[in-house]
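Inspection log for the structure reproduced underneath, given as structure tokens.
By written order: A, B, C, D, E and F. Residues from 1 in each chain.
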Amino acid sequence: MNLKILQHPIKYDGSQIAPLWAYGMGIKGDSVVIFHGPMDVTLDNMKDFEDEKAGKTIKGDDLVHIIVERFDSPASMRLAYYMQRLLIVSVREVLGKHGIITSRNGDDLFIDDKKLTVSIASAGVTSEKIHCGINITTQGTPLEIRTTALLDLGINDWKALAKEIAENFIREIEDIEGDIVKTKSL
Amino acid sequence: MNLKILQHPIKYDGSQIAPLWAYGMGIKGDSVVIFHGPMDVTLDNMKDFEDEKAGKTIKGDDLVHIIVERFDSPASMRLAYYMQRLLIVSVREVLGKHGIITSRNGDDLFIDDKKLTVSIASAGVTSEKIHCGINITTQGTPLEIRTTALLDLGINDWKALAKEIAENFIREIEDIEGDIVKTKSL
Amino acid sequence: MNLKILQHPIKYDGSQIAPLWAYGMGIKGDSVVIFHGPMDVTLDNMKDFEDEKAGKTIKGDDLVHIIVERFDSPASMRLAYYMQRLLIVSVREVLGKHGIITSRNGDDLFIDDKKLTVSIASAGVTSEKIHCGINITTQGTPLEIRTTALLDLGINDWKALAKEIAENFIREIEDIEGDIVKTKSL
Amino acid sequence: MNLKILQHPIKYDGSQIAPLWAYGMGIKGDSVVIFHGPMDVTLDNMKDFEDEKAGKTIKGDDLVHIIVERFDSPASMRLAYYMQRLLIVSVREVLGKHGIITSRNGDDLFIDDKKLTVSIASAGVTSEKIHCGINITTQGTPLEIRTTALLDLGINDWKALAKEIAENFIREIEDIEGDIVKTKSL
Amino acid sequence: MNLKILQHPIKYDGSQIAPLWAYGMGIKGDSVVIFHGPMDVTLDNMKDFEDEKAGKTIKGDDLVHIIVERFDSPASMRLAYYMQRLLIVSVREVLGKHGIITSRNGDDLFIDDKKLTVSIASAGVTSEKIHCGINITTQGTPLEIRTTALLDLGINDWKALAKEIAENFIREIEDIEGDIVKTKSL
Amino acid sequence: MNLKILQHPIKYDGSQIAPLWAYGMGIKGDSVVIFHGPMDVTLDNMKDFEDEKAGKTIKGDDLVHIIVERFDSPASMRLAYYMQRLLIVSVREVLGKHGIITSRNGDDLFIDDKKLTVSIASAGVTSEKIHCGINITTQGTPLEIRTTALLDLGINDWKALAKEIAENFIREIEDIEGDIVKTKSL
């Protein structure tokens, strides 16, 4: 799995969940791409049908964005979501190492009932994709939700944190692949 | 996913990793079966080819055993291992709620470099299986490995703990299934 | 599999074959949704490429509509059609219990060479879908096809019939799932 | 799908459910093989784990045996059972054409609560297999089960009947394949 | 696999890579369709994301076009590309029989560093598709690429050549299918 | 894909086609393992059911052996054979570069109707395996078959040749993987 950290801010509008988006950034194959920037997901790009139906607002002024793509023939929505959970667990574990204790509910992380992250997974014919956004600031997050953010938690270097998360996640996935190739089938 | 806690001790010799083992206990379909008892995996039943080659000893006088089976057509070794990681994460999260902080390395849990758990996953043509053993006592565990156990951590009621873990894990899996059926594909 | 009977009439225009349509009606997961109403499939929504090429008219003033969705990762067009055949067999069996003998040709049911049903199956990345329409009236059905309808067969309570069919079909599918989890692989 | 009718009687002991059995008879690829003969399934060859556990007797002095094999990469236990149901429906439909009305319960056919058939499906890595046995005589069938047989129903020419069933089934499967290749995905 | 040679020229604009295109020409199931004509792939129809990004020109005044479709549930992008390589190998082998020695680099054939062919493969939910174009003339091919063409190689009867290639390819695929059904799994 | 050349001779008896065999040699993940040695495939290890039925002799005093393993979840017999064909094409291409022109018939290479190679492919639940043997000497090859060998063709350094073949094959497979991750699905 390739890891790429983009230096310039990009607005996450949901279009980055499309297959081959990373390829458009010059990144080939399975990848974790990290950047930061505002978020404003258009209805068109919402993959969570419940959110779309509800006309939900998925917004924030600045977040860390982690975009994962894994190719398979055929790809699997189920594997996309299992992998997403492991990504969220990676976020939680790395924050824990920094002394920040979160509670996890499915694919959401909270601190004292304040939401820190948003995430979605999906799959197409040939790849599985995950987006996980971590609030850098609570500014611009939807008013109806209580949120928290990295700056409030004393984390100023989003890049270092995101890199640590991505490396932790990649180690997990590669560790799994290493287990697969040494296990006898039933 | 069905949850069944067996009251009587059973020796885990690795044969319980076979497909349909739970069916032989009267449990139909996807299931988590919990019991306790000694462990002594025969070479024949070792699914980790590395362990088998090394002629490893996988032993202990008393452990909690969690056996998961998930049916799919066809089953997937990869999904088996992703699911296993989520099971180990469940063990870790539930122990955390009891104030016991573990560190996770792939599918192993440690406390101060002492190993608390053993685990394997595999798949056949029609189902994925996981075994996770949690030491109740360090007695009988291999001498060459530093181990810890629930009794040393002040947990005496293995059954209550195991039930909590299983319920946490089942909630996770069903939460994922709930996400799958509301997500638009790419 | 969840069964939901919608009370109000809905026009079947083919858009209901889209994945997650049932989710938009508040129904989660595998489902059979039943309603009645007119049918007029737009060319855009025709999944049978032969019909589309021919510019066929798929119409009727009032039909029972049965919409099935089954999630899988990945979904399978082949399974969609096998499942469709079992749905049509369910329609045939239930009509048979009411003394109405039909002949089946693939996914079509006939009485004395008069067509009673229309049906299509398809699959996307994450789910298989089936539509089966049963004429309540022959009014509005294409002139070039000889048709028959439930009212002509003395069946006035479409809802009771549709419920019986759906329950028969769900029993079949669940019976199959029960067989899968007790069968040893080869 | 190739159809082959073997003239000489063969005892069905369950070994014929193994992949490539038909190949051993000189039949290549997807196939329906028909023969007649006694049945006595050894415990070893029982694929229904429930039957095996119960130490069930699966016996009869003379039955029509229909053996189906369909290759896929990978094969699917689910598809095996869906296909089995369609085979049983074919048996039922052909008997119906001969004026013999049966009732179906999953993969069993009955006449007045007397069992006429036995059947199992399974899958390996590369093919799906089905066995369906239809009693020619009730002699030798298990005493604890009320059974009926073709001879009691006035059918003396098992070969003509079996050929009709197989052709009906093959038509169904090929009809489905024809639908698959003309359907747009979702 | 059905083979169809279309007599009239058709412009290949990339739309022919869509699933069921052959069905629209009256060809059912797995197929190899051959025709000749100019090529000008619109950006919209480019499946190679690298070409699309680069705004590449995929053009020529006259080429032999070979369109392959293979149905599977689900289809596999990986198999599409493996199959594509075997198609290119077929082109190379048949040219070799005519005394024309090419070198192959992935899915491209060259003679003395001059490009003879273009090719793409892709997959949807239910089928794999391949396009291979062989220059009949170098006229109209992109100026920035050195190209060669059948006419320059002394081959005037594109139809005979294309038929030979297609038959060679179909023999290969059917030979593989014949191997699959006689091989024991591991 | 990892490439490993074993220096010491090993007798190929067919057991090397088993999944994880390379792992037992210390090679993890997808791999091409090369060694030389005699061949005498036991009936037990024959994967070609036709050969087994015929009680065929698969023998030789010294061959280059190429063993490929590719992991997938689930593995596919079809892909195993497509990949095998590409391996044989690699053998052919590399021999061609050394001025040795062979003709290919499926997975067999011939020079003037003398057989140079043997090959089989198969798949288990989690991996695809291929064996290709290239005669170094014709000594010990079955009397009923006309054979040729590398020594007769003037190739004395089997190791250099095998390495070239393996590298050519690995380049092909990785080139395909590179195409997969840049192609839009249909």
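Following the convention adopted for this analysis, a residue touches a chain if its C-beta (ideal position, glycine included) is under 8 Å from a C-beta of that chain, and two chains touch if they have at least 3 such contacts.
Just so it is clear, the structure is predicted and the values come from calculations on it, not from any experiment.
Colleague: Any chains in contact with both subunit B and subunit F?
Modeller: Under the touch definition, subunit B and subunit F have A, D as mutual neighbours.
Colleague: Since subunit A and subunit C are copies that touch, is their contact same (over half of the numbers shared) or different (under half)?
Modeller: Since fewer than half of the residue numbers are used by both chains, the interface counts as different.
Colleague: Among the chains here, which has the CA centroid at the largest distance from subunit F's centroid?
Modeller: Of all chains, C has its centre farthest from that of subunit F.
Colleague: Upon optimal superposition of subunit C on subunit D over Cα atoms, what rotation angle is obtained, reported to the nearest 5 degrees?
Modeller: Superposing the C-alpha atoms of subunit C on subunit D needs a rotation of 180 degrees.
Colleague: Between subunit D and subunit F, what's the gap in Å when you average each chain's C-alpha atoms?
Modeller: 39
Colleague: Could you give the separation in Å between the centres of subunit A and subunit B, each centre being the mean of its C-alpha atoms?
Modeller: Centres of subunit A and subunit B (C-alpha means) sit 27 Å apart.
Colleague: Distance-wise, how many Å sit between the C-alpha centres of subunit A and subunit F, to the nearest whole number?
Modeller: 42
Colleague: Indicate the residues of subunit F shared as contacts by at least two other chains.
Modeller: 19-20, 23, 49-50, 73-74, 76-79, 123-127, 180, 182-186
Colleague: Name the touching chain pairs, please: which are they?
Modeller: All touching pairs, sorted by chain label, are A-B, A-C, A-E, A-F, B-C, B-D, B-F, C-D, C-E, D-E, D-F, E-F.
Colleague: Using the touch definition from the top, list the residues of subunit E that touch subunit A in their complex.
Modeller: 49-50, 53, 74-79, 123-125
Colleague: Under the definition above, what is the set of subunit D residues touching subunit E in their complex?
Modeller: Within the complex, subunit D touches subunit E at residues 19-20, 23, 28-30, 71, 73, 124-127, 177-178, 180-186.
Colleague: Show which residues of subunit E lie in contact with subunit C when the two form their complex.
Modeller: 20, 23-24, 73-74, 125-126
Colleague: If we count contacts the way the header does, which residues on subunit D are in touch with subunit C in the complex?
Modeller: Of all residues in subunit D, those touching subunit C are 17-19, 46-50, 52, 76-79, 81-83, 85-86, 89, 93, 104, 106-107, 120-124, 127, 129, 172, 175-176, 179-180, 182-186.
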